[in-house]
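Two complexes are shown next, each including subunit A; its partner changes from subunit B in the first to subunit C in the second.
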Partner chain A sequence: MKNSSRKLLSRLLLAGLFATLLAGGAYAGELEDKGFEIAARSDRSDRGFTDSVVDMKMILRNAHGQETTRTLALKTLEIPDEDVGDKSLIVFYTPADIYGTALLSYAKILDPDDQWLYLPALKRVKRISSVNKSGPFVGSEFAFEDFTSLELNKFTYKYIGEEVCGDFTCDVVERFPRYENSGYTKQIAWIDQTVFQLRKVDFYDRKGALLKTLKLEDYREYDGGYWRAQTLRMENHLTGKSTDLIYSDYAFKTGLQDNDFQKGVLRRVR
Partner chain B sequence: MGSKFENKILTYTSWILRFRWLVLLATIVAVLGAASGMRHLEFSTNYRVFFSDENPELTAFEDFQKIYTKNDNIIFVVQPKDGKVFSPKVTEAIEKITAKAWTIPYALRVDSITNFQYSWADGDDLTVEDLIRDGANMSQAELDRRQAIALAEPLLLNNLISPDAGTTGVNVTLQMPQVDIREVPEAVAVARQIATEIRSEYPDLKIAISGLSMLNNAFAEAGEKDIVTLVPIMYGVLLIFMIIMLRSFGATFATLLVIGFSSVAAMGLAGFSGVKLTPISVTAPTIILTLAIADSIHILVTMLNLMRDGHDKIFAIKESVRINFLPVSITSLTTIVGFLALNFSDSPPFWHLGNITAAGIAVAWALSLAFLPAILSLLPIHAKARTESKYTMQKFLGRFADFVLIKRRSILIIMGAASVALISMVPTLELNDEWVKYFDERIEFRTDTEFAIANLNGPYVVEYSMEANEAGGISNPEYLENLETFTGWLRAQPEVAHVFSYTDIIKRLNKNLHGDDEDFYRIPDDRQMAAQYLLLYELSLPYGLDLNDRINIDKSATRVTATLLNLSTAKVRTFLDRSEAYVADNLPAYMIGKPTGATVMFSYISQRNIEGMLKGNVFAVILIAGIMIFALRSFAIGAMSIIPNAVPILIAFGVWALLVGQIGMAASTVAATSLGIVVDDTVHFLTKYLRGIREKGLSRPDAIRYAFETVGQAIILTTIILTFGFAVLATSTFLINSQMGLLTALTIVIALIVDFLLLPAILMIGYEKETKGVTNEKLITQTA
Partner chain C sequence: MKFLSSLLGFAAVAIPLQGAAAAELGPLDISGFIGVETRVFPFSSQFSGQAGNAEISLIVTPEFRYRTSDGKHQFSFIPYFRLDSRDDERTHFDIREAYWLYRGGSWEILTGFNRVFWGVTESNHLVNVINQVDLVEDLDGEDFLGQPMINFTTFQNWGQIDIYVLPGFRERTFPGSEGRLRAPIPVDTSSPVYSSDLGQKHVDVALRYSHYFGDLDIGVYYFWGTGRVPTLVPNQAGSALIPHYDIINQAGVDLQYTKDAWLFKFEGIIRGGQGGTFGAFVAGTEYTFFQVFGGNADIGVLAEYLHDGRDASAPATPFEDDIFAGMRLALNDIQDTSVLVGVIVDPSSSETFYTIEAERRLAQHYVIELRARFFTGADPGEALFAISRDDYVQLRLARYF
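Up next, the complex of A and B:
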């Protein structure tokens, strides 16, 4: 979903898309247009953050109430070209067994992302080739795509109405994955009308049943007007498992360059 | 008790007859009120209802499921006619089933040979992909290559692909919220729809559907089938008997109303109490019908006999109620006690059966003593003058009594020896609860599952949670080596058809990450390495094919799944014992590795029920003996009556052991319920015997002859009705019911033999000694 980081790329994209859409009238229906506009406006609010660095704590819970924690760092590079996704680099710190393992991803719009993983124990970088990476990220309830950059045109949209969400009024938008191997058939997103941030997402599985709910909480506005949720809570309704993502302070415009996101750097990043 | 009590009964009956319209109205209102609860009745669709919340095997399994996932499954077993799964056409069909299976409600994951996540290496590129994608456009050579991969993959072979590559499975894991019993039928309906669609598109495919969700569904289907077959059969059987015995339309009609009312009222009360029906509890209306009829029959037979002797109807009714009030009350009470004892079972469906039946018998008792006299007084009932037949029967029974009295020593010896011989067979009974065989061939689940077992894989799955000693410990090479040892041991067991173990995944990854070098198809040497391989693999898996159901969240335990061959539960138990012993002797204690799952639960269900029912039987025996002592007003005879009541059940088990050899969880429950039923014969016989001695001053032999002549016929009649009634249960689609029905019928027949042969012989023990002295006998009986 489109929380903080994943919206990196999206904003660019959406700008481009929005333009095309306006020009070409690509969307026939009024509700579809409105849905897209709302998503695009949210995406736009994040445009130009350039790069970000944040530490994350991932707390996994099973139906038994047992908990376990993983810590990792996420670096994101905004790519201005809307036909290309953002680049991201994840480094794992704990559990100790995977300390220093680093995952480099180049997000794609309608193709599988390019991914490389550095395995310190093997001292090698492995390229991961798979058409579908929508499985749980390191055993959590998040898929990789659920917490990394949101690409505006990975979806088609439809506006369904507005609703009170916490202290805000939210626009409610359905979005449909365009990638054929997505694990989801539909998502419903709640985007507030005040600062245009994503507040909640319902994920529907392949049989159209509600599978997971994501809640984005503790939004903070950083310098430059960038909003980031500090807490993401994902609950799986089918299994009763849940995962919380707790973010530390974000740093923006830290001077990261494209060559900081090459597979050659992976073995040095920790 | 005598006259004072019986005068009260007369007053009571007069009152009933005076206000008969009111009684009728009140009965109908009350019965309709109770019966309205039937709208709440629904069939349970979960095999877990067979286990109480305290069942240790269930609680262990629930804990297991909280750590991994709570899951049931549906498996499509697909067999092409030409026996070749890896063809463009068949793989296309499997891909379609795999895709459609995702639309089954509550589907959590779908596993098939096409979406199996096959990993391979090309230098430092690791590819994780579907084993077959777009099989329709693959060359046969390419498909043959995939077939070789599948057959070499321990996770697939004997699990989703048969060794001859002739049968394959698509397994759907379901996570039922278990809040609504319609969840299972809903999922099953979609699965069947998918099978129907695929069959019509690919007529050369045989598709069977099995799995635990199908089992759950089969419980409801079997129960529904039973209720529409057993109940009409039972009404038919009883109707025939009543017509023959009563030879009166009015009396038959009145009895039908009593038994029908009793059974619907009891089911309605069950509805109000909120119990979910099971194939076991749904036999309650059938059992109520057969037990309820006894009360009415006793009252009617007496009444009709009096009318045949020339008395008018009203007098006959009053007199019959007076004579029968106590015996009917006592026999109802003992039967109720027997059924209530089912509450000691470990299995809730038996509680429900016991309570519903007990309620039905209570209703039948009340109706027989209030509604029946009232309606009989209104119906036109004619009794022909007595024919000779009754007397012939009495004469025959008198001669039979003489025979017994003369031959009593031989009878005692022969019956005693036969009883001992048969009872000694009881320990050879083997407890078997193969739940596939709970259902007969009329239920699709049985035939489909047997097809699955014969061609691919069965539903008898045993799960182990193998614990590491710390978070992340599953990557510890020592843990993995132990897990590998255990996996190897399991695979070497003759009972085991397939083992799913994480070691197969980690070995494959080790190979992949060393450029597919076969030398590295082994446990990684290094903990960090294993952990990082796992991370890599997890990052590559698609939605629904992850390892979250096999590895716990802090990576401190993995799940090993062993699928067993089609075995009796006794063999399953020896396997389970052996596996526990192996784990205890060969693996570190922290790995625990205790077997769990539905198969384990059912393997011990009979023992659990027997443990519970031992207490239940003690409860029933003590209470029933107490009732007998009270009813007979003799401690010695009341206590002695336990022998003719308990012996038939033990003999019945012995006969069963000889003829059948195996019994399921029905076994434990038959003792208590049949005790409550067979005791009726003894009540009637001993009441008359004592009446002969006490009131008529008869000697023991004369009292025995008197008992035979007065009550012998009624005992034979009720025995016939009850035997046929319980034999009707043998037509159930559900094995537990047919076993329960046949065993109870057998017990009832044996009880008749014991009551007619052994009981008089026992009553005569010591008679000569006494008569040789003074006529002690007479003195004793006269003062009594």
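Up next, the complex of A and C:
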């Protein structure tokens, strides 16, 4: 008697567990679809910008609040195909000793990007390994993947709810890097429901701990309905260091061509 | 009176017009650095006339750039001046760049003095052939004298073509009799010998194709003209070495395959015109360990093999069959601290060359740079014996603006 009731109980529990798993499985699929839809809507709000040019100031702050500044220019050429990444060119202006240093990147979706570094003192172009996306970009709290790996298909998504974020209501979406060698196990992204822009991202490191928080502020709408945050603040919770990226006015559709994103033009980008 | 008022009126119109034109042309961009550099040689000199165990230099190299607002015309002017406390030959002035670049659609043309760096390896820069090396600056072949040129470039979806027409040959610089890092007798640069009747006026030409195919970057070129590396021949009195410059034909290739954290590199040349036609190459690899020890630093490990098949009538090279091993450390900090240590060994003779290069930004405008070079194991008669007592440590503090 005792035995059979125990068996029944365990069977019931098992059945319940299966039911939960099944239901949970189906539900998770819906959440993933919804997460992808939200991310896609945000990504597609930016379609057709063609190219953009912007100057930026990078303010690096250590745990004691001491600041150093770098200035750089970023040119981006949109590649409309969602399975191919955009092309970008970063040129450094300060500190003065790295003036003219340039980084040319052809972003890929799942493979490492193609990258060339130009060293102006030697006038040398070096193809560099881009396999390490999670290292600090020029000593900042931004990893290279933090501002280049924004292609939609670089992640899988999961919707986790909605939350008030400043003046907006945001959809909260988990995103998981699909590309190899990411420094993150997951990111949590807050995307507003009004103009579908990214407002905040939490980055979780390889151990699953909260590593960094990115806040995107001062959004401006440019002609053509393209939204750009003018300030990005990245805070490292582990080290207490932070980096701000302050953007100047963006220029869109400036007539940049594929020929402006060749390794052969790096000699004359400043 | 009417004439005067119309003149004044014209002047009043002309001034704002001039202002508008100036705005369209954009500002002059000035950068560059001023540096103080000291070299210390721990050992006494080997040859008579070589002065002191330390020297100090002042380096001034402003950079002026200018572009029209449409970006079609670009101008660059970079003079370079070094004042050396000891060696009159090291004290020198050069124009590193002075060019006008015009950009068409898929092509551009550069006219004037410029520097051109090709190649991928670290231990030797075999494929560079456009510029003369400014040898008094450093032994590493990375300092170039400005070369007069017309360089036509075209970008196509199948690659990049460069055509170089190079009028006006630049002679190699050599340390003077007071200088270290020289042969037992100094080089007399006042009366070089050319194999071409045209001498320094020989117009050299080069054609290069470069592109990338996925993970493979490739460059291939052909050069015909006065070889940049002279053969050094003692004069009759045996008191000086006279540079002999030959007309050469040289084909070269540089390859790099970039896969994950690996770089595989190859540079090779075939040269005719200096003794028998010969080949030389450098082949090697570089592997990077990213974010080592849980921090932000990257460590790269380098290994290269150097081979050179030239005969005795060609300019001497220390790299006949040598092995290079090196390590690169990048701290990835806000000061951009980096260190490169390396050693080149000739296994057949045990001649060994050590090098250390390190740099770090001190404040927003200052950079400190250390270079140290050591030469050991050379026996009399071997290529490096003449400089075997010329180990040195060099420190440079530069103010960038």
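Here is the rule we go by: the second predicted complex is superposed on the first by the 239 of 270 C-alpha atoms of A that agree within 3 Å, B and C clash if a C-alpha of one lies under 4 Å from a C-alpha of the other, contacts with A are read in each partner's own complex, and residues count from 1 in each chain.
One rule holds in what follows: contacts are C-beta pairs under 8 Å (C-beta built on N, C-alpha and C of every residue); 3 or more make two chains touch, one makes a residue touch a chain.
Since we're looking at a predicted model, the values are computed, not measured.
J.: Following superposition onto subunit A, is the placement of subunit B relative to subunit C best described as a clash or a fit?
T.: Clash.
J.: Is A:Leu238 contacted by the first partner subunit B, the second partner subunit C, both or neither?
T.: Touch status of A:Leu238: first partner only.
J.: Looking at A:Asn259, would you say it contacts subunit B, subunit C, both, or neither? Reply first, second, both or neither.
T.: second
J.: So, does A:Ala96 touch the first partner subunit B, the second partner subunit C, both, or neither?
T.: Both partners.
J.: Which partner does A:Lys123 reach: the first (subunit B), the second (subunit C), both, or neither?
T.: Second partner only, subunit C.
J.: Per the contact definition in the header, classify A:Pro112: touching subunit B only (first), subunit C only (second), both, or neither.
T.: second
J.: Check whether A:His64 is in contact with subunit B, with subunit C, with both or with neither, and answer first, second, both or neither.
T.: First partner only.
J.: Subunit A residues in contact: does subunit B have more, or subunit C?
T.: B
J.: Once the shared chain is lined up, is A:Arg206 touching subunit B (first), subunit C (second), both, or neither of them?
T.: first
J.: In the superposed arrangement, does A:Arg268 touch subunit B (first), subunit C (second), both or neither?
T.: second
J.: Tell me which of 27-35, 351-359, 459-467 or 549-557 in subunit B produces the clash with subunit C after alignment on chain A.
T.: After superposing on chain A, the clashing stretch of subunit B is 549-557.
J.: Of all the subunit A residues, which ones make contact with subunit B and with subunit C?
T.: 60, 62, 68, 95-98, 122, 124-129, 131-132, 134-136, 138-139.
J.: Across the complex, what residues on subunit A touch subunit B?
T.: Of all residues in subunit A, those touching subunit B are 60-64, 66-68, 92, 95-98, 101, 103, 115, 117, 119-122, 124-139, 143-144, 181-184, 205-209, 238-239, 241.
J.: Flag every residue of subunit A that touches subunit C in the complex, lowest number first.
T.: Subunit A residues touching subunit C: 60, 62, 68-69, 94-100, 112, 114, 122-129, 131-132, 134-136, 138-140, 259, 262-265, 268, 270.
J.: In their shared complex, at which residues does subunit C touch subunit A?
T.: Counting only subunit C, the residues touching subunit A are 29, 31, 33, 65, 74, 101, 103, 105-106, 108, 115-117, 119-120, 142, 153, 155, 160, 162, 210, 212, 215, 217, 256, 258, 260-263, 288, 290-291, 296, 298, 332-336, 361, 364-365, 367, 398, 400-401.
J.: Could you please specify the touching residues of subunit B with respect to subunit A in the complex?
T.: These residues of subunit B touch subunit A: 63, 66-67, 69-70, 102-108, 124-130, 175, 471-472, 475, 513, 526-533, 535-536, 538-548, 551-555.
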